[in-house]
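Order as written gives the chain letters A, B, C and D; numbering starts at 1 within each chain.
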Amino acid sequence: MRLGKLYSKDEVIEQFKDGQTIVMGGFGHFGTPERLVDLVLESGVKHLTTISLNSCKAGFGIGRLLSAGVIDKMITSHIGNNREAMEMHASGKLEVEFCPMGTLAERLRAGGSGIAGFYVKTGMGTGIEKGKELHEFNGEMYMLETALKGDVALVRCRAADPLGNLAYHGTNENSNPLVAMNECTVTIADPDMILEIDEIGPDRIVTPGVYVDMVLE
Amino acid sequence: MRLGKLYSKDEVIEQFKDGQTIVMGGFGHFGTPERLVDLVLESGVKHLTTISLNSCKAGFGIGRLLSAGVIDKMITSHIGNNREAMEMHASGKLEVEFCPMGTLAERLRAGGSGIAGFYVKTGMGTGIEKGKELHEFNGEMYMLETALKGDVALVRCRAADPLGNLAYHGTNENSNPLVAMNECTVTIADPDMILEIDEIGPDRIVTPGVYVDMVLE
Amino acid sequence: MDTLNITTSKIDFSKMEPREFIARRVAAMLKPGITVNLGVGIPTMASDFLREGVWVQSENGIIGVGKHAEPGIRKVESYCNASGEEIIPTKGACTFDVNMALGMMRSGRVDATVLGCFEVAENGDLANWTMPGKSPGMGGAMDIICGVPNVIIATRHCNKNGDPKIVKSCSYPLTGVGVVNTIITEYCVMEIRDKHLVLTELRDDITVEELQKITGAPFEVAKDCKEMTIPVPQIVNLYQDFSS
Amino acid sequence: MDTLNITTSKIDFSKMEPREFIARRVAAMLKPGITVNLGVGIPTMASDFLREGVWVQSENGIIGVGKHAEPGIRKVESYCNASGEEIIPTKGACTFDVNMALGMMRSGRVDATVLGCFEVAENGDLANWTMPGKSPGMGGAMDIICGVPNVIIATRHCNKNGDPKIVKSCSYPLTGVGVVNTIITEYCVMEIRDKHLVLTELRDDITVEELQKITGAPFEVAKDCKEMTIPVPQIVNLYQDFSS
């Protein structure tokens, strides 16, 4: 019998398929699910779309998938700290859909909490509002941003328990709780440590296990 | 010289004015800022509008303001566990604007994070969508809900530090972090205990001090 | 949401307070491994009778609502359920803000909810938030049912005037449209299938004809309609994976 | 955002790397008690030179960014700034998710931000996310400037081709419309007042005429235009209330 939501490497690898949209936590090389990136690479899947805050530093997270040539398109807010990403984008080898970081984060949250869309002022007047629905509230114009969902969510966390409850540490938290919330087909956590039930504690758990399908052993 | 954001009873009382909209944390009699309710009553202000999840149990939180006759209007999701509120409402002595609890909570968050409005399915087809803007997303209808803001936010928390960083405990958390986030003129915390700077810890702080104006000593 | 195939024992229903009976029958219906939201009233009573391994979610911000606390055993009340009653959190519980609690339900992360009602109609419509002279409000109910796939109504069969709560069409403002899957009263269990009521369990001290008289809408009797009983709880392992 | 009235000391600018000089001047401008967001590049460098009591917010989810960490002093990298560089959190720091980090800025809880630029126009327009052949992306910049009241640009005066970055009108796609308040380069401090540039500080090794030649838009010289220096840091109390 399985012990809660703890899964082996091989069971996790089975989740990856060609053409999936992968939502990944992390900022720069902080809080990226490196063990899960290993497994994506090991699975040999291709033509991925990724959703992440940025392209990570080369050699970490999304950056490793990029180097392996398995990403067709990135939805992200920033690739400036990864020279390879900048070059692939400039030469047309990589499609990048830019979205402001706060809007992207909010869209991931919306796509994990039954909110279809929301209005923000972010980027009004810059041109990114083109093609979006605009709405006036209290004399100011806002643009409609819609929920974003992926197929597989990859989450890095400090601690997990067998129920899938997760806790984060420092700025390695970054987008990970939002990625974990997002309504993907499968949500997989890569914890630094696996603790016993109740060891994290009710107040310290940030992502309840109800959001998490698998914890990589 | 003032020690951070710690304020005395008298300084807090000065914040209350007739006709204000008070946003208050709490659910039932759990996590209600009772010391701040004392001060609202002591201030003698009247004709308040309150925004809260529910009307609390009689003798607690909003319920005490209600008994004192200082509330003209409540924006809330539930008054069923407070007989006095039910009677005042039924007899026309109290105006109640009902809003589904999740929508209300989300509106408080929106009103504290630069989001003017958002679309949810909550209540579609029940009649509460009347007069609201509807929008179709992926073949389903959603209604537009708008941000809600108050004048004074009253927050109960487990711990505060002199910088105004707050932490919560158990289900006393409920709406308190959302109330603390809400863009009010003044946000006041009622902590069970005041800890030294760094005692709560970076990971355990739920409401950063940047949201909080005053901590009641 | 099937009842587990376990030993059942005969209980003398006539001596049990109807609300407790309903709460016990609801509890027996909830399968270990699921996460269930329990609403104000009879539903929260069910938490005292649940099998281990059933996770109770409450809209005030917790997964892992356990039994009701004995008065006075602790100094600081820090955990409550949807009815605002003090509870003991279970092992493995976690708490969060109400925004996450309701967002979790809107987005379908909670398997089932048990709610009370003023009226429930044969087409699955639910009215439980306002009626002339009595408006408790919707609380989290509207948010809950817009995402939770299995909506169970736990209610007395008739209201205080003796009128049926199960009706052809709701006369009070709706909380949800066509959302109810199952109704549990002190007399029976009914399922709503294709906008019609189907009786699946009936107490042995009431006949189908008697039940029809106190029910405001026609119902079909399921071929495999059973006697309404309360199965004996089963001990389970908290770590167990019930998903398969 | 005035410079505090404190002792200033003369520094030999000619020996200081221009980026460091800019970062130091930015740091000196930030008053204890404020919360400031520091963007990628020169702005994050400023955190090493700040006075105590200045709270640095970063869009990756922290208030209390301290100095850069020495490489290898800790095994687990758990705190970084907007540039993805490891930092030591200050006393009183707190961390949170990026949603709160950006929501906090959209809703005006952060007093100021320091950002880099490709171009900044005399009317306060800012371009710093995409240009032909180079598109780092906007990161959090668009979210930040839509709510933060004081936008400071910290930048080299000219780009790598020697062309002015301060222009009459931005030629690249905008990050923000009319949002910039202050520009700090290795030569000067300019304020944008009523859609015009006003020179408020100038280094003593460059003349107004020379500065105009490398600036792509006309500027007015403030009556009280001062020599550009770096005030010496002042020690303050973390608990102090600077709001009054």
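One rule holds for everything that comes next: contacts are C-beta pairs under 8 Å (C-beta built on N, C-alpha and C of every residue); 3 or more make two chains touch, one makes a residue touch a chain.
As the structure is a prediction and not an experimental result, all values here were calculated from the model.
Each step here moves to a touching chain, and the least such steps from chain C to chain D number 2. Inter-chain centre distance (chain A to chain D, centres taken as mean C-alpha positions): 29 Å. If you average the CA atoms of chain A and of chain B, the two centres end up 31 Å from each other. Note: centroid distance chain B to chain D, computed from Cα atoms, is 36 Å. Residues of chain C in contact with at least two other chains: 62, 89, 95-96, 99, 103, 105-106, 146-147. Residue positions of chain A touching 2 or more other chains: 106, 114-115, 120-122, 169-170, 173, 202-203. Under the contact rule stated at the top, the pairs of chains that touch are A-B, A-C, A-D, B-C, B-D. Residue ranges on chain A touching chain C, taken from their complex, read 1-5, 112-115, 161-163, 165, 181, 183, 197-198, 200, 202-203, 205, 208-211. Those residues of chain B that touch chain A in the complex are listed here as 106, 110, 114-122, 135, 137-138, 140, 142, 146-147, 167-170, 173, 202-204. Put simply, chain B touches chain C in their complex at residues 27-30, 53-54, 57, 76-81, 86, 89-90, 96, 98, 100-103, 105-106, 109, 120-128, 169-178, 192.
Listed in rising order, the residues of chain C touching chain B in the complex are 40, 58-62, 76-80, 83-85, 89, 95-99, 101-103, 105-106, 129-130, 133-144, 146-147, 173-177. By the touch criterion stated above, chain D contacts chain B in their complex at residues 35, 55, 57, 62-64, 89, 91-96, 99-100, 103-110, 146-147, 237-241.
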